[in-house]
Amino acid sequence: MLTALSLVLDLGGTFVFAVSGAVAAIKYRLDIFGVLVLSFAAGNAGGITRDVLIGAVPPAAIADWKYAAVSILAGLLVFFAYPAAERVRDDVLWCDAVGLSFFAVAGAQKALLRGLNPMMAALLGMLTGIGGGMLRDVLVTQIPMVLRADLYAMAALAGAAVVVVAPMLHVPPVAAAIAGGVLCFALRFGAIRYGWHLPTARPARVQGGTADSGRDGAAP
Amino acid sequence: MLTALSLVLDLGGTFVFAVSGAVAAIKYRLDIFGVLVLSFAAGNAGGITRDVLIGAVPPAAIADWKYAAVSILAGLLVFFAYPAAERVRDDVLWCDAVGLSFFAVAGAQKALLRGLNPMMAALLGMLTGIGGGMLRDVLVTQIPMVLRADLYAMAALAGAAVVVVAPMLHVPPVAAAIAGGVLCFALRFGAIRYGWHLPTARPARVQGGTADSGRDGAAP
Amino acid sequence: MLTALSLVLDLGGTFVFAVSGAVAAIKYRLDIFGVLVLSFAAGNAGGITRDVLIGAVPPAAIADWKYAAVSILAGLLVFFAYPAAERVRDDVLWCDAVGLSFFAVAGAQKALLRGLNPMMAALLGMLTGIGGGMLRDVLVTQIPMVLRADLYAMAALAGAAVVVVAPMLHVPPVAAAIAGGVLCFALRFGAIRYGWHLPTARPARVQGGTADSGRDGAAP
């Protein structure tokens, strides 16, 4: 039951992030094969990293063909429907928030099941959520959007924390997964719609051309 | 026999990619030690990633001093013969195609031997082939050439696929390795010499300065 | 005893590199959560990579909450004291040299304990030292300072080599750790204070805008 839930969350998150990888790949003029490679990387880097760190090798995304199939499907869909994908850009942003929620929850669950302590399970849930987007942006030489977007990594951590704390309060796993996912999505919703954000420490002096002037995070 | 073949392919690929790492390092003005570090990274990142993903730790490139020795040798050769290396730039491109063939074939074989299913073994063969070049380019902040160059990742996947399909057709491993390597090389040959390429989805609107204008993939 | 020494060195190195990650994150205008993520990445990427490569999963930095706590503490300190942190910039550079020494020594010791051969244990010590800084700079899209700064990776390798060679000469581990750390620090001291550096191979021809003109390594 819990395994089936994890698989659905994982594949759903993979699809959404693979879409974001394909959109970034097309923006940077990669050919169709490069699009598929970046789809796979964005869709699976978070989960693969988590699995390697908890010693679950080969990682699910390598051992199970379904992850690659979902990633390739997402990449092909975006490639052949690109102008349409551009038009639904804002929907992609919403999808991305859904995917982040799925991954954060599934990642924390899996880490708990492997016996990690709650604090690190929450951090691994966050890493599962943000890992794919980080690799996607690094591969197209952008500062990762997940480090810059408002409440992004923090939303993932909040969702994962709910999953981790729930067993201590005897909340059943499915309810915890739903609550964690909703919290993660709500934080991103507030950030996108209402501009919620965390404080920044302004550098003491202007950094000339060395800072990020003229560059912006890749669209999700 | 198969192990010896794998070792020769692996070390040959390592040498060639270490050369490409050293050339990139010198282009970006790293000192001799930075050149050697990038040689090792470019020569071994693909194989190390593959080994970590299939659970073969410590990875061959870490456990066996021969990989580091070959990488350092390649880095020193390039460093002390740099102007000559510049002149044989096109030969480097050919060497790179040979190295890609070696790595794709050896990577797929090793993944098969560890019991991965054929589809994922082929993908891991591709990853072995392109991983070193990806890390090399990310470290000098370029969009990886392996994602942009014509038929690059695809050639690696094609070569790996031959190795993976062969056992089903009762083709002996050595013949499969040769056939896979030749196919991979032939695809890159066609791409370099005749400009074979895959289609690109043109972005719907011009992306101003955010796209890759003014940057180009690092030379291999 | 050796384990306690390792832990102190590891946590000390983690703190210092987490500080460097936080400084880089603030320079690139990440919000407070991005600052903490980059603190953790810079403080722990080297050790995590080492542990994954030697098969010690889950890595210490994931299994033990102390590493995350130290990283978060360092990130918060820098965030709330940023202008002060800017003013002590040069001290940060010295701290970084101390952290590099700690990590190189602790990394080599841990690799030896896991039974790796001396050459690879020294290389893994170096990787432990430079891994965090490499990820930090890649995430803010800079060519890693550890590949460009004078005698940086080389100092780490020299310190690690002392730790590796010492057992062959029957030098006790604590003395070897101190000697290795002092050598590593001394090399960086000479590089920072007196400009010691290794030779560079100048590219045969000017590379136009493709080289690193106008970019510089992130401050440590």
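As written, the chains take the letters A, B and C, and residue 1 is the first residue of each chain.
Here is the rule we go by: contacts are C-beta pairs under 8 Å (C-beta built on N, C-alpha and C of every residue); 3 or more make two chains touch, one makes a residue touch a chain.
Remember, predicted model here, so these are calculated numbers, not experimental data.
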| item | value |
| --- | --- |
| Same-residue or different-residue interface between chain A and chain C, half as cut-off | different |
| Cα superposition angle of chain B on its copy chain C, in degrees to the nearest 5 | 120 |
| Averaged-CA centre spacing for the pair chain C and chain A, given as whole angstrom | 28 |
| Residue list for chain B, restricted to those that touch at least two other chains | 52, 138, 141, 215 |
| Touching residues on chain A, where the partner in the complex is chain B | 25-35, 37-38, 40, 48, 52, 57-59, 62-63, 65, 68, 79-80, 82-83, 86-87, 138-141, 214-216 |
| Interfacial residue positions of chain C with respect to chain B in the complex | 52-55, 114, 116-117, 119-120, 123-124, 130, 134, 138, 141-144, 147-148, 150-151, 153-154, 157, 197-205, 207, 209-212, 215 |
